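Chains: A, B, C and D, in written order; residue numbering restarts at 1 for each.
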Amino acid sequence: MTRSDTMADALPPPLLADEWLNADGPIELAALRGKVVLLHAFQMLCPGCLSHGLPQAERVHRLFRGKDVAVIGLHTVFEHHDVMSPAALRAFNHEYRWSFPIGIDRPAASGAIPMTMQAYGLRGTPSLVLLDRRGHVRLQHFGSIDDLALGAAIGRLLAEDDAALDNAAVPDGSARPECDAESCPAPA
Amino acid sequence: MTRSDTMADALPPPLLADEWLNADGPIELAALRGKVVLLHAFQMLCPGCLSHGLPQAERVHRLFRGKDVAVIGLHTVFEHHDVMSPAALRAFNHEYRWSFPIGIDRPAASGAIPMTMQAYGLRGTPSLVLLDRRGHVRLQHFGSIDDLALGAAIGRLLAEDDAALDNAAVPDGSARPECDAESCPAPA
Amino acid sequence: MTRSDTMADALPPPLLADEWLNADGPIELAALRGKVVLLHAFQMLCPGCLSHGLPQAERVHRLFRGKDVAVIGLHTVFEHHDVMSPAALRAFNHEYRWSFPIGIDRPAASGAIPMTMQAYGLRGTPSLVLLDRRGHVRLQHFGSIDDLALGAAIGRLLAEDDAALDNAAVPDGSARPECDAESCPAPA
Amino acid sequence: MTRSDTMADALPPPLLADEWLNADGPIELAALRGKVVLLHAFQMLCPGCLSHGLPQAERVHRLFRGKDVAVIGLHTVFEHHDVMSPAALRAFNHEYRWSFPIGIDRPAASGAIPMTMQAYGLRGTPSLVLLDRRGHVRLQHFGSIDDLALGAAIGRLLAEDDAALDNAAVPDGSARPECDAESCPAPA
């Protein structure tokens, strides 16, 4: 898929979050135009998020700070809603001292999966979405991805001006019924 | 300190826990006489517990299963009580699939520190207590301890019959005001 | 520095190697035009090369195989020449099973530092040189570099067509007298 | 097997080494009576020795320094003899800065396997031999062993006075034809 395709030209859904941590106020994707954006969707009780995804998001945030890369966390609670409340996330964020902004995905009127997670069609946690400087989704990945591959994907997007690029999407693994050490799949 | 000392001869306080996970019922230290006991005190939102203490307790449990070593987790919540509830711990335990029994330390009538944690004088989480086959405390440590040193301490206690041994206590670090990557100190 | 600068327009020195391992024959940089080239200079007895640089070169080789990235090892022996002979390197290569081609840098007529290492002005091992698709040096680094940063540098070069790019050079550490866990500096 | 068994009562073969590094002179097992001895047999070009065995021997040496544990390295070259010469080992030892004494196992009059390695019946590298305070072999292991298990074995032996102990031997893996990431088996 290239950037001239219809799909790539459509902008991604907005981030629906009523509360933001580590930020002065709500974060709008539109305001990040011109930057590469890494969106990291996680749950605070997801083992793969704790052991891999969140520390990686933190490393990306620190490495590219001030270099046209914005890292955004999104707490996409789709299970154990009662114990992964905003208050619980605040305590978690306080103890782990994440430095990137984290939004709390808005619960849906019905169903377990929150609204932004639904709109992006995320399959579970951890999930990673990369947007290019023009605001288009270029990579969406469920599960863990290693630093070398993620670095390369970010580097490609940073280098882009407006030439068409192949979509560097990493193939997803198959659906899994519940959290394992790597990830927490959402219900289908 | 040797086993003939008065202090070492006193048995440690009982485990005051109203709920046990990964166990058929309450666990009494008296019933473990004859085994070496590793008591791991943790909080589910303590970074050092997640990154080091709990995985180590799990490794000890798996390595010495059926070999006269009993591993017991104790959820000693002394901060963020509202979000480290028994329900939250159950979800945490479900996602991480710990295999050793975990008791929930009984809240004190007043004050933040739960009763067993107080009775043992634990300074924060993670903390580790080793009991010998006769039920006496032989090592109490706040913070992380490496596998080689912990293995040696367990090996020594396994080898003991009833000769007096020097107390192999590892010196504690100094008090710290709040959680860091290693540990969460309790208020003084 | 941009690609329109005089220095960047000069092509780098050729690889002077009389023997190649894991290759069908000599490798010429000119034949790799169109690809991003990662040149990894190492010594088989350099601790930082073994613990970090060589495994990283192997990971890059495996991740980008068939994707316009060529990884080349260069055995730049500048100390302990008698025990880091071609025969020793062959045994080392056999035991470690590196999959990327490795050239043996040609000894200089006088002095400890071999010819390619001298020509590139490498400061010690491990050193990493990145060439863009047009064959120009874009990054030269002494010591270790983490996967995220290396991935990003490779990704940027892969994305390039012919727009001018800032040189993403990583600043070098200061000179060190002998090998430490990270690297082996060459004599000044 | 207990210490009253005939085999356990026989003392192990002497260390046949003509050169010692990191030591003031030859090391005799008899002079270490009263200490627990960890003998680590390795080859400098064995990947599993570099990645696991040698760093573990170094950790044991540092943790138990002055605490009745003696760590001894033994360079048991059984392949690539020409490039794992004493001179090569000296350079290797210089670069890696091992702090424990290392003996060079004496080449046999015929055959690839050196004399001490033969006498102990070691199957390859890395191999680990643990001697108790009375000088008897209590554990012999080919391949890697984790810190918790090794610590426990050392702790047991440190605690011993003269009670009979079960042999805590770790079962060996099956023979492998050449070095892999874990170990280098010797020819049968």
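Convention: a residue touches a chain if its C-beta (ideal position, glycine included) is under 8 Å from a C-beta of that chain, and two chains touch if they have at least 3 such contacts.
Not measured: the values here are computed from a predicted model.
Determine the shortest chain-contact distance, in steps, between subunit A and subunit D.
The fewest steps needed to get from subunit A to subunit D is 2.
Taking all residue numbers used at the subunit A/subunit B interface, answer same if over half belong to both copies and different if under half do.
Mostly same residues: over half of the interface numbers shared.
Determine the centre-to-centre distance between subunit B and subunit D, using the mean Cα coordinates as centres, and give it in whole Å.
Chain centres of subunit B and subunit D, defined by C-alpha means, are spaced 34 Å apart.
Any idea how many Å lie between the Cα centroids of subunit B and subunit C?
49
Identify all positions of subunit D at which a residue touches two or more other chains, and write them in rising order.
Where subunit D is concerned, no single residue meets two or more other chains.
For each chain, which other chains does it touch, given as pairs?
By the stated definition, chains touch in these pairs: A-B, A-C, B-D, C-D.
Could you list, by residue number, the parts of subunit B that touch subunit A in their complex?
45-47, 50, 80, 82-85, 87-88, 91-92, 95-96, 179, 184
Once bound in the complex, which stretches of subunit B touch subunit D?
Of all residues in subunit B, those touching subunit D are 59-60, 63-64, 146-161, 163, 165.
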